[in-house]
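What follows is a group of structures, each given as structure tokens.
Both complexes shown next keep subunit A, but they swap its partner, so subunit B is in the first and subunit C is in the second.
Presenting the complex of A and B:
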């Protein structure tokens, strides 16, 4: 495994040496830990993929698999050196380091196990990455850039596999990707005598026509209309085929340049960028509205039950890389999905009904008993029955208002079923109420944040503090929101936990965080005059850091336990 | 692009259709460039369709032939909806050729009719698509807006 890693490293260095000019490091790339907005999340450690993956893994097997999954993503990684240089920090031997426990301790101190490494890419970075890969393939395989792009898209940007397969059998690869082998001259609009367009049936003399390498020739009008329809209406770009029936040749970017209007070209390239991000498992768009950045994160889909990859975009939106929902640490994606579905379903309404009501034995109307004796008279059908045993009231004879048939078997069973349903409902409501409460509070905290901004301005005026001195309010409010978000999901998480010692630790952590959050929240109720007090400032700063600490403890603990199963 | 584009092409197609059509295909009406009616019947002795004629309705958008036409079978007193595992009882046809992905601008009314003819000829199953009843009851979408899943291109 590790040998392979090295080999790859070497291979890539060699490749870089041959085409050094084409692999310029994008300078706008931002490391998670270096970004100012993300400093809350990414602690102070460099995004070291290898050490991250090994965090929280105790057994050697886990360690190995973690490295192997890293290894998988490296070949389709771009040519930045960040990963490499970071990886070199880690001492690679042929044997997994026996001192793993110590390594873990060291890395724990600089990086929490719930933190994952990620990078934010802006649109220009995404474009550059593609260009770099295309240039590389263009040089190595001696094919045009347009063809290199089509091949790379066909191989989902896995350069290594493309080159390997291409070396094996160029013709097979070209055909599968929708490229032909014939090397025609440069493609251009042409006037061919006696040409009839098969699409519009136009046979005028001097009609301009166009064809890609397959030779299926259509008039320029029809061709460009076909392309614009595909791009504008169907949102296709990477895999637009020749208009001929059954021809699978893909229309390349340069042919498109010849045929379509400038605004469509823009759309075409935007769509191409989109497929680039969508094709790569390690890349995802930031889901915030109007945000055009993409995030790269090495967490694999199959690991989502063990890690909760929360990432923060430059636009300050925090979301889960796995499911693109808002940050839901510490609960794993699958659980979040189930929880949200459960909350949305009216299955809980049905649960309530089954816990609190019974049906009339005659007409099946649902009845909620809100007091009174056991002698029921159905309002709809006037059927008289006993609420206890559901039997006919007339059979109760003289035992007025007292059901002595209660201990019979059928009655017992009905009672058991009802009780069970009631307990599970109450359990759900316990967690749901707290979840909903924090969700609501988190929304209110957003308001507080806006008020805080005003307070900060006011405070600057009144107390003569400088801008930097009032920043503690801002960070306190940020901490409050993040902790609420975490707390909210701890309740959803707890609902699915089975009872054991670990749950008790979890609930202790939860309680501590909750108390810390409430304490901090209270501070924001204070008037500005009091806030100006230097003592209170210290209190708030203390509480803020305490909240953050509690949150990190809780997340660390949960992440460790998740990773260990 | 305007409707002119479609009209020009349809005009040429009509000219050709009026001259000659393959056996088993007949033009019923083509009064405008929006909707045409054609009759088709199978040529062999397939017991499922022998002796029957089926009515097809073509609807053309202004983007024809870049976009596929909307083609459905129509039910009349003497025209039934052919029984076929890809034809719903309301006449909607699940055929890759008629979707934007499967369509090629080189296809035309005549080639669509021939494809449908051969789709019937080649069929031996006396059944409707799975979930036909539910689909026919619930569907309010135009055929082109339905996401068919073309799982079987052999029938």
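Presenting the complex of A and C:
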């Protein structure tokens, strides 16, 4: 029987206890909306495109630190067992098991593409959205704006359900949301003769007091201290209740205005915005440091096994809307989670593999990888070899196959448990090695670009080239980094992939993208004087668009093959 | 705030002394420290703790009443919602910072502790084994609770264990 879809083998090393699952990634709009568009965004942001690009890469540094530790412990025989307990952990995750319901869903999801269009909202947009909803509810239900806001928050901003339920039974809705039905005059600070504050027991004359609609009255000092502590220390805003024992009435924004200092009001509103974004499943904060934008995307959590919703923020940071990790196409979130956990658990093993230096296969002198390119030339003996396989570079024009694919040894079923463990470890290291290599190369490519860019600025001054004329280098660097990111994740993807007739197509695509990326990466090794050459400029632009094309093809094919089989 | 909170504490203490809640005697640990209360609670007649005398220590933080008091048992007790050790921590939802209301009185807190003895809350346990036993084998639970009463709660109450909280176990913990 020909298997019609990709299957993931989550329990990679436990051959008898294998669980397979298919994953469907049917939507091409991922690529349409996240790929080209985002590079347009980044490229259209002169004069400091490098700064915006580095945003995303910084978080990748953090991300990589999780997979490589300083510990220099060699792998031991236990690694096999560790991995099995890994797999078991995943089975007990509170996340829905990706294996469940997968097979029966296939026919449906083939027909139902996922809408992964997305929008970026800036803080002012987020405020405006809330205001619009509040105004609408305020008019339809004839309640104050403050009450409308509390009701909307109670209903997690589902306006339709709020109005429906309210029409049904206003009293029940108001009570559940922490609002009172009594109408009271405008709330204000008041001095009431004979008043004693039940919190501080102060009874001095002229003491200002305040209460919300429930009538539980406390002195203004206590009231505002209570509120500031809730806001500043507990980070609470949307659900601060009346200070009275057992009273669940919510303190509204206008009462807060009357009682707290201006700097706390700011924090209060920031917290309210936060709950707005957190309450809505379709909104998520951009995880880039210092970025205050939120992204709206309709992809639901339950669909994350079938689609990888990569989004790009205005700040140029590209991330997965599902898990907020850096862009990890084509690998689904669950796979990424497993892979990152595995790398973290196996980091001591992976550490020595991802070392930055290797010996020249010919003269044994130590060579440090100083650029993203795999084409190494020994400074001492001029021997040219491949960083990945250490083979002769001259043989690599045609034999790339050996460099991106791990031949599964037939000896996998060997009776000897130790041999088995070594094979599975080797297999993991094979994929990890390539994954880590691309991650490292992406950073080195960026460094090289930074240096090149400085030189280009110099060249601009000397040769009179315009900023626009050197932009092709920026696009090339962006493409290189994006493609490396994708390439990096194809190796995690491949690690979990069960071998069938479709894996070869996947590996072909992976190989093609790999070659395209290496080809482009090589360009950055050229001396600056050559870079300014018009002919080379055309070559670089061609290689850039070829890289982008290969990436789109890989992602499209992956999605299509998975969906249609 | 600290000064203001002393006024409130003094008032609460005076009220508690003037009309003590059922089955409780309340005092401060020392005249110098109003923020540490020693309460002796008689095991409610309709509970598994009848006949016992339990020492309860109430500590009022500097931010009281805006921060909740901490309440611990100084006497060992066999109960799903009290840690079965010398620290005697209690799980009471109204004492959690996010639930605490500044207008809540210590009287209400102590009443809540007392009703916890009458009606434990096995669904929110600190000792899950005791909670399971309470749910599935009430006789065994009653027997064990009573054994603890006989062993720890039949003599004059000592607050030493709570005083040594977090440090070496004191004589009261035995």
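The definition used in the following text is that the second predicted complex is superposed on the first by the 368 of 565 C-alpha atoms of A that agree within 3 Å, B and C clash if a C-alpha of one lies under 4 Å from a C-alpha of the other, contacts with A are read in each partner's own complex, and residues count from 1 in each chain.
Methods note: contacts are C-beta pairs under 8 Å (C-beta built on N, C-alpha and C of every residue); 3 or more make two chains touch, one makes a residue touch a chain.
Here the structure is a predicted model, which means the values were calculated and not measured.
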Subunit C versus subunit B on the shared subunit A, clash or fit after superposition: clash
Subunit B versus subunit C as contact partner of A:243, first or second or both or neither: both
Touched partner set for A:290, first subunit B, second subunit C, both or neither: neither
Which of subunit B and subunit C A:204 touches, first, second, both or neither: neither
Contacts of A:225 with subunit B and subunit C, given as first, second, both or neither: both
Footprint overlap on subunit A, comparing subunit B with subunit C: 198-202, 218, 222, 225-226, 229, 234, 243-247
Touching residues on subunit A, where the partner in the complex is subunit B: 198-202, 218, 222, 225-226, 229, 233-234, 243-247
Touching residues (chain side subunit C, partner subunit A) in the complex: 1, 4-5, 7-8, 11, 63, 65-66, 97-98, 101-105, 108
Sites on subunit A touched by subunit C in the complex: 198-202, 216, 218, 221-222, 225-226, 229, 234, 236, 241-247
Touch list for subunit B against partner subunit A, complex: 1, 5, 8-9, 12-13, 63, 65-67, 100, 104-107
